[in-house]
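Reading through the structure tokens given below for one structure.
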Amino acid sequence: MQSDTTARLLITCPDRPGIVAAVSNFLFNHGANITALDQHSTDPEGGTFFMRLEFQTPHLDVPRGVLESTFAERVAARFEMDWRISYAADLKKVAVLVSRYDHALNELLWRHANGELPCELTQVVSNHPDLRGEVERFGIPYHHVPVSKETKEQAEAEMLRLLEGCDLLVLARYMQILSPGFVGRYPNRIINIHHSFLPAFVGANPYKQAYERGVKLIGATAHYVTEALDEGPIIEQDVARVSHRNDVAELVRLGRDLERTVLARAVQWHLEDRVIVHGNKTVVFA
Amino acid sequence: MQSDTTARLLITCPDRPGIVAAVSNFLFNHGANITALDQHSTDPEGGTFFMRLEFQTPHLDVPRGVLESTFAERVAARFEMDWRISYAADLKKVAVLVSRYDHALNELLWRHANGELPCELTQVVSNHPDLRGEVERFGIPYHHVPVSKETKEQAEAEMLRLLEGCDLLVLARYMQILSPGFVGRYPNRIINIHHSFLPAFVGANPYKQAYERGVKLIGATAHYVTEALDEGPIIEQDVARVSHRNDVAELVRLGRDLERTVLARAVQWHLEDRVIVHGNKTVVFA
Amino acid sequence: MQSDTTARLLITCPDRPGIVAAVSNFLFNHGANITALDQHSTDPEGGTFFMRLEFQTPHLDVPRGVLESTFAERVAARFEMDWRISYAADLKKVAVLVSRYDHALNELLWRHANGELPCELTQVVSNHPDLRGEVERFGIPYHHVPVSKETKEQAEAEMLRLLEGCDLLVLARYMQILSPGFVGRYPNRIINIHHSFLPAFVGANPYKQAYERGVKLIGATAHYVTEALDEGPIIEQDVARVSHRNDVAELVRLGRDLERTVLARAVQWHLEDRVIVHGNKTVVFA
Amino acid sequence: MQSDTTARLLITCPDRPGIVAAVSNFLFNHGANITALDQHSTDPEGGTFFMRLEFQTPHLDVPRGVLESTFAERVAARFEMDWRISYAADLKKVAVLVSRYDHALNELLWRHANGELPCELTQVVSNHPDLRGEVERFGIPYHHVPVSKETKEQAEAEMLRLLEGCDLLVLARYMQILSPGFVGRYPNRIINIHHSFLPAFVGANPYKQAYERGVKLIGATAHYVTEALDEGPIIEQDVARVSHRNDVAELVRLGRDLERTVLARAVQWHLEDRVIVHGNKTVVFA
């Protein structure tokens, strides 16, 4: 039901009475029609209040900028809110980082082409040249930025230059570890897909680890990237059943399907402003 | 996070601007603290608005009765609302109807004893005497009301007498079809578990039907009972994987686990006032 | 663990003692090494016996043709077997029929390119020209055969000509009903994906039907095509959870993911000779 | 399709040609009718061969003891087999160890009473007196053996005395760590339910750990107990979806359902001789 006139307001603040009334009044009085509202409070006593609102903007009585500055002054300040408004018409700029595996990338490209991912896909950046054809046939620029131990610093500098202006980076099986400095530029704006059910099997070769442990389900985890490897806030996870019949190669193959789905869901939810990060966890509004 | 001071307001009305503001203001102004809010709107143009609010009552500035009559007058009338407020402290009175299978009944008894089903389990009524022991050991009265073709009318009259004052009837594999007259007394207040993924396999012996069709998943469906057999509003469904190895007896066995879970979830959601019936469908707030 | 030297033997016959011994002896005595064996018997008394064996052929003491004719004479005849041997090295020839939706087709193309579908993809036939580019970039021929009420007969004749020599036809959301005559040419060799959890919602617009019934799960079903629409033997099914928030367009979108997965699994299992059709049901060996 | 005349043969041995032929010939020649056969081989070159056979014994031409000794001599020795035959008519003797939580215990008691767990439930042993009533109403003896740091050794001695002759111990949320000496008495014959998706969240309070990590799925794992805590061979796992709305108490509640199901499945499979332990992993035949 999203349309170009949809806006979304995300709020995190200390919980106390009157927040919903204050926010909904404010919007109503300015001609915004609330079309979806979801709220979550942690423990009522001294807890945290989270809210996601969708509202329609055609009858706003003030320009966006004024709406926001007035909201900041009259509502947000009073309740000590951490908040943001985004507008569906302002497509987020997204870059995908990838190495050689094409499955997660292809899934994103296909979903984007089918209108499932409301964003502008500005570019794909890869440390390998292999997937250029796949990407360019969708009319999306492909940048090859090789990375080696020695050139990592320059490579990241080059990437930062290319990624200038991006709202979100998606690591679709990008096999390089980004430096803390790089990650720090995109707080809660880099989504990675890890090919295990975190926190099980952090680090390299999770399918091999899973095979050796003899688990009966394998998983995939989409999370925001932080400085601590594989420890950022989890957005989405899913699992698939495996058995003694599946060797590592088959776990890899079955896992690909999970990775595609889980990453695509996480990216979609981020783009629809459904995710609030709080500490090292996420609130994901349905 | 539910406590004895929790109240819930369910609203259905024609969608138009200002509803959230009006309701949240009203509650705030009367000292009610909103602790959860979930809203759903069908197609924005001329659609229907659904909302579920949880609020805390300790600081209400008026008695419940006054709160409700004032709400009716000042808010509900203006927006043509179909609404109700319920209070967690007023436990719903629930009766379970059962025949000979004990699995769904036992699940409800066990969950109730474990505090998972916030209700008063007033009685179990059965057309067979078999399960008396199971029920009475939980301290719950068991009424045996035999039903035959000839005695159906008197049996239902007897049951209506016993069930006087009940808020909800749960058919935990009750193998008699209730008459339209009986059903009409409890609109959207009788929950049945059907042992198939409706609308597949309506009627008798759904597992046999499933076996013969060769499906790869079996299901169970919890729904409100209406005059049209197996066609009432669906509350919850789930499925389990089966294979060519499973004969009808095994489908029955695997299905039992589904029936237990699906019915228990539906009953819990009803008791927590999460379900709004609209036409022949349900809105189920998470 | 499949390799070019893998062969598979599928057997259906009346159940009686000695079948496994006879078959395994025969293979062992001819230098075939059994590397997988799965057996299923319906009701032991007078039931049916199904078996799938994988064996390795490098040390066969006779040519394939002799192996097969000897097996027919010495083993199959004695046990009244319906049987076939296929060789992994002889890739099955597969054609995909499609209309305008690209999701199921793309999934098959991508999996084929990734080595997940062991077959020769000989061609794609469509009643629309739209997807030519998608297909030809994989180096696979695309044939546009328009179909209208008036031209259906000629169109099918043209298709039969094009499909000459194909072992399997996959209907990847092909929106035309094939005539009984056409279907009769490919018994248990046409796989269709139906966008519902059959037998619920046969016929047109199953997502609309699902929306109107208010189900809480939607499904997809891959089945062999028979003369009776949507009633052929089911190979695979799966479901996804939906809610009151999802309108028909969203069910369609969520369903696409199911259709892709379920069809791909069914095709893979067929290609790996895991499926035996018996009556209107399937035995699918893991 | 199990009946009192069913026997099961489990085999592990180095893989080489001729095993299936040798075993099936042997059984056929002695009048045993094979009614199910499932085989698994790890990497064909120098791998391990696993097989589970079900056969019917009414027409055996020799007594069981002779069948077994002949098999050992003529077949097992030749192929260096690790093997065992068990007879469905010889019900395994099972004891359940439990502390205070009743959910996993109740599930086992209910399934046993419903004929889903083919075993003799000889007793329940607990370090608490609480669940005596629950158990004794099923006619099963309840032994209270308190355990403290100081008395652990005597307590275990007392338990070993009580458990004399048991084939399987099931830890249905038994909150004491068994000593290596105790565990060593029951190799691959103690099944534990761990309330997490192992190897994530080993040790104490896994639901609290899961809550703090912010996972989107919680799990349960049934495994054989070894000296290394939570590291024994995994038999079965399953997961359930959770969200930011679920606090630790709700994870515990949702997890209970998983624990019940996962433990019951693992116990059933063990009782049906479907599980072969190999190294620290299991082969579970469907």
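The letters A, B, C and D name the chains in turn, as written, and every chain counts its residues from 1.
Methods note: a residue touches a chain if its C-beta (ideal position, glycine included) is under 8 Å from a C-beta of that chain, and two chains touch if they have at least 3 such contacts.
Being a predicted model, the structure only gives us computed values, none of them experimental.
K.L.:
Among the chains, which one keeps its Cα centre farthest from the Cα centre of chain B?
P.N.:
Most distant chain from chain B: C.
K.L.:
Please tell me whether the contact surfaces of chain A and chain D are same or different in residue numbering, using the over-half criterion.
P.N.:
same
K.L.:
Find the geometric centre of each of chain B and chain D from their Cα atoms only, then give the gap between the two centres in Å, rounded to an integer.
P.N.:
37
K.L.:
When the C-alpha atoms of chain A and chain D are each averaged to a single point, how far apart are the two points in Å?
P.N.:
A distance of 42 Å separates the two centres.
K.L.:
Counting only residues that touch at least two other chains, what does the list for chain C look like?
P.N.:
1, 40, 43, 243, 245, 247, 286
K.L.:
Within the complex, which stretch of chain B touches chain C?
P.N.:
40, 42-43, 50, 197-201, 213-217, 219, 233-239, 243-245, 247, 280-284
K.L.:
Can you check the complex and tell me which residues of chain C touch chain D?
P.N.:
Touch list, chain C to chain D: 1, 17-21, 24-25, 27-29, 33-41, 43-44, 56, 286.
K.L.:
Taking the touch rule as given, give the residues of chain B at its contact with chain D in the complex, in rising order.
P.N.:
Residues in contact with chain D: 1, 103, 106, 110, 114, 116, 137, 243, 245, 247, 253, 257, 261, 286.
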